[in-house]
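Sharing a structure here in structure tokens format.
Letters A, B, C and D mark the chains in the order given here, with residues in each chain numbered from 1 onward.
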Amino acid sequence: MRNSTLLVLGAGVAVMAAGMVMPGWLTFLLTLALAKGLVVMGLLLLMKAGLVSFGQGLYYCLGAYCVGVAGDYLETQNALFLMLIAVVVCVALAAVIGLLLCRYRDIFFAMFSMAFSMILYGVLVKSSAFGSSDGFNVKPPLLFGWTPTGEPGPLMAYGLAVTAVTVVGIFVWNYLRSPMGYAGEAVRENEIRVEYLGSSVRRIIYIKYLLAAAMAGLGGGITALAAGHIDPEMAYWTTSGEFVFIALMGGTGHVAGPVIGAVLFELIRTYAFQISPYTWQMILGIALLAIILYLPKGVWSLVERFTKEKTS
Amino acid sequence: MITSFVKKSTLAGLLVASAVAQPVLAADEYKLGLVTFLSGGAAGPFGVPAKNAADLVLETLNAGGLPAPYNMKGINGRTIKPVYVDEAGGATKQASELRNLVERQGVDSVVGYISSGDCLAVPAVAEELKTLTVLFDCGTPRVFEDSSYQYVFRTGPTATMDNVAASHYIKEMFPKLDSVSGINQNYSFGHESWADFNGSLNKLIPNVEVTTKQFPKIYAGQYGAEISALMVNSANVIHSSFWGGDMEAFLLQGSARGLFEDQTAVLTTGESAMYRLEGQIPEGTILGGRGPFGIYAPDNALNRWFREAYIARFETAPTYPAYKMVQGIFGLKLATEKAAEKVKGQPTTEDVVSAFENLVYEGPGGTVSMNMGNGHQASMEMVYGRYSHKSGEPSVTDVRRYPAACVNPPEGMSSIEWIEKGMPGAKCN
Amino acid sequence: MKLVIAMLMDGVIYASWLFIIAAGLTLIYGVMRILNMAHGSFYAIGAYSGASLVGFYLAGGYPPWGAYLMLLGAAIVSGALVGILIERGLLRIMYGRDEVVMILVTYAILLILEDVIKLIWGVDAYFAYQPYTLLGRTKMAGISFANYDIALIFVAASICFLLWWGLNRTRQGKLLQAVIHDRDTAAFLGINVTKMFSITFVIGAVLGALAGSLTAPGISVMPGIGVEVIILAFAVVVIGGLGSVGGALMGALIVGLARSAAVHLYPEAELFVIYGVMGLVLAFRPQGLFAIATARKI
Amino acid sequence: MSALLETRSLARNFGAVTAAADIDVSINAGEIVGVIGSNGAGKTTFINMVTGYLQPSSGDILFKGKSIVGKNPRQVMRAGICRSFQVAQLFPELTVLDNVLIAYGLMQHRVLPMFRPLATGNSIKQAENLLQEYGIESYLPEKVMTLPQGVRKLLDIALAMLREPEVLLLDEPTSGVAIDDKFDLMDTVMQAVRKSGAGVLFVEHDMEVIARYSTRLIAFYDGRVLADGPVAEVMDNEKVKELVTGHHLEIDYKREVAHA
């Protein structure tokens, strides 16, 4: 286990170093994909417990707006500080909404969580101080006034994203093996048994919801810093749907699934845009169908199949 | 675990390698990125007319078939090769796609963006990549009021003048005006349009009552309740910045219920529906075209050529997004060629930028002056008229033209501030 | 008085429109446990085929009242065609997957159909306003309403009655109810569940297309109209209780009246009102108003 | 001496339907109380009420002299009353090992750890020992959904016993189990129970099982206690014969008692 943690850390450093030689568009694409990967990792925790949130956009957007608004009001570009604010605010909101949501299951959980994100969308569209539906621009991130290239650029956000994904990835990897992690699967499988083993199903779901909100807020914060612009679209239901899409694409069997899913999703989408600007939606739809049909456990299952063949 | 990582990184490496491979560029080609809506609700009314116009103009330019001063082949003699991108997907997505256009596809410059949100998001990327980016259609004045950019230009006028001119026009047409109502989409463009209209009208005619202001969701399509509310709270004039399908649906549903029989609508984008819904627009409806475009375009050689060629090819008259696209391409072409003349060779992007600043040129919609936003933002005259179908052909009467200096804030002042202060320095004749 | 009548009429008209959209969605969910996002595409396909068929028809100079038949015909033909194609070609091999996976499957279908629509009809708007204006208007308390919209109320009521009659008074309907109640037992009793699925999906698709084609005369038919109605329809069926036709009716009425009240009394709230109502209903009735009971034995 | 678990005039209605009324039952440590009654007699309702899954409409439940009415299943569990289920309540998609590991994990921590792994050398050993005790260690790597009913029932009871309860409520332990296996199953269970000294109440349809294992018998009918006392006495009760067991179903319970 120690070895694998080291390995993940090593991979993180390697990916970070690769950022130095990558073309800018790829760095940017990967930054956004990793940020989405973070959101989907949180979604993965919920999905392991049988809950599908169609409202993670709520925290994704809230995290982004926290970074944008706090950056403006406090006149800081300090990425760590801003991301911390994003996470804290998201967890605080989740602590309230979670109390209500942890009573719901299945499609009702999905729709109720979506309702909350749509309410945020509505509020932001009405807020002309925050630029209404056009949103506003966010200054590029610094680390205590420092950037790798000397001037603010996409590399800084990339570094943040890689670091965040590595740290959160290691956490989630360990989490999924812990009693709390397994409790999610237990809740999905049989709530009655969980209660009769002396654990509170609601509390388990609540904690997972908080963690998922924190990760979504972090992902949103990084997106804001990387893209330099935020708008209420981040809370729209299609954004939340995209996260579920990515989760199924990558597979929920492993913590790497969301990251692979997010990168693959962004790559497919950008090349679909380029190859067929008129019918890119169709390409995306066909890709999704193909994955559901042939790789029901997501793209990660390919990797698993590979390694199993190797070891057996 | 280890093998899984090896496999994973090989896979990722392959993906990256295939993605990095870039197409080879022909030296005499000018690669032009064109970004407009090709899907969703803005594609039909805006994106595709703009794309059609671009197709038409670029082909003619490459053949050298335009009247002077646009008679040089392509852009500065280089054949233009368009690269189209769909504007769908939101501002973050578009920031990402602009990078792809520049870094992966290697475009020389970009003309595009209809959505104001996109116009606010992409300039930062354009600056970072030092790529000349011409915004052609979006309306929010915030682009150059909130920030200043070196590599970004907007050849289309801002939406402020649509609504300020609408106030002027109403003042003239309705001397006894005492009430207005509004129906605008619930998003930035709708909110800003109403605020500009209401603000400027209050300065021009004090004490006008606002009977109701409705903000239905964009793309809602069903306006039954809103129309009833407008009927219950009847006013002299109904202001609406609805566009595309929403505007057309509102017109159809409103006409069928007789909404416009004792109230007059001001449709700031109404010109684009003139030919599509010719029988359905009530007589006397006030139509704007977001500038001197379409039916309001001046009778000059460029306009005659453009209109005829567009109608011949697409079997419909060009609407304002088409005009604005042509205007954007023309500005880029002219600035590039002016810079080339100055440096006597292929100009750098910076050369083109300095030639573009404060450029004054003629397009199919008349004079475009890049005299706002430190020489990066165009201003134009604004025109309003009233719909008439008496001749059996859709046409406009009572046309009033408002000079750019009358309906735009002076350099250095934001639109909101300008309207709040009672539009000081406006030179109306 | 004027205000109250306007509010009620607007609410009921909007509710009728919502119900016609939501009926097919809730029926498909009840029987098949698929929350069908592609329902939005059925709506769009219905609208496009309705609008273009009416256009053809009127261009041919036939009597204008026939346009209503065209709308109906376009919906039945296009809805049935797309419904059969999707059910046979795709959904059939997916049955038994998780509910969430099925939502994503139908989302993929939606994405594909959006572009198929674009390939067939292009991005230009289609109009078929003649049926809308032909019926004239009626004045109530000083406010005019389009007779076409008033007729929509009767159409919605007829659809509601037909569904009720079909489910409760026909043999096939009773079999369908058995499937809704307990799929496994129904299969065990020898009901051909697969056939029931096909029939339901086609009926649902036709209802979706009908909603679109009936809406077409009042709007400008263009890309993206389908996506806009899905979430509305979802909200309606969730409020009413997934899978219940009566629930969809109640949900539509609640949303319709709440929305029209907001528009007339407090327009700022228009965007929130649907989600507010949904939140309120779910907070007190977590399964919606008319939930299908699923008892769990321990 | 007051009983370990005692109910007083316990009642529960579902709308107009009375599922239980006036139930006075007591269980002492070491006792093995059988419960019989036709379907709908209120047996499972009774267990659900005692374990907090259902709240009684009226009446009281005393555990070691203290009322536990109003507590939820978790609290009742922690107090020392555990139960098994008519339909085994397990995690069907997971393996037997994971089921047991999760059970231990959830049971041992009030605040579940997020960083420590669930499966360690020790916890796996512990799980193996438990499964060995119930004779189902060979199923360790199998998914629960693939197991035969009998094994599932055993695993269900094993999980109920994890907390070493003072009162164990078994809801039809042999239902769904192959006839040939029912005594083996009951023997295994009773062995474990006797070791712990817990008081047991078990609902059962099978008179052979009742006769062989219970030290006292309670008959439920229509939500009420029809008879309560030594096995033979209750079995001979005319009302029980008429309403619960039925004359035609008479079996040679005396032989079974002797056998036990």
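Going forward, contacts are C-beta pairs under 8 Å (C-beta built on N, C-alpha and C of every residue); 3 or more make two chains touch, one makes a residue touch a chain.
All values reported here derive from a predicted model rather than from experimental measurement.
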Starting from the Cα centroid of chain B, hunt down the chain whose centroid lies farthest away.
-> D
Pair joined by more contacting C-beta pairs (A-C or A-B) = A-B
Would you kindly tell me how far, in whole Å, the mean C-alpha position of chain C lies from that of chain A?
-> 33
Measure off the straight-line distance from the CA centroid of chain C to the CA centroid of chain D, and report it in whole Å.
-> 49
Dist(centroid_CA(chain B), centroid_CA(chain D)) in Å evaluates to 74
Roughly how many whole angstrom separate the Cα centroids of chain A and chain B?
-> 35
Quick one: which residues in chain C touch 2 or more of the other chains?
-> 114-115, 118, 268, 271, 298
Expected list for chain D, residues touching two or more other chains, is 53, 85, 89
Which chain B residues reach two or more other chains?
-> 38-39, 186
As the complex stands, chain C meets chain A at residues 35, 90, 93-94, 97, 99-101, 103-105, 107-112, 114-116, 118-119, 231, 234-235, 238, 242, 268, 271-272, 275-276, 278-279, 282-283, 286-288, 296, 298
Residue ranges of chain B touching chain C (in the complex, touch as defined) | 38-41, 43-45, 47-48, 186, 212-217, 219-222, 224-226, 228-229, 231-232, 244-245, 248-249, 252-253, 255-259, 276-277, 280
Could you please specify the touching residues of chain A with respect to chain B in the complex?
-> 3-4, 7, 11, 14, 18, 22-26, 28-29, 32, 125-126, 128, 131-137, 153-154, 223, 227-231, 233-234, 239, 256, 260, 263, 266-267, 269-271, 273-274, 277-278, 280-281, 303-304, 306-307, 310-311
Enumerate the contact residues on chain A facing chain D in the complex.
-> 1, 174-175, 177-183, 185-186, 189-190, 192-200, 204
Touching chain C in the complex: which residues of chain A?
-> 47, 52, 100, 103-104, 106-108, 110-112, 114-116, 118-119, 122, 125-126, 192, 237, 241, 244-245, 248, 278-282, 284-286, 288-289, 292-293, 296
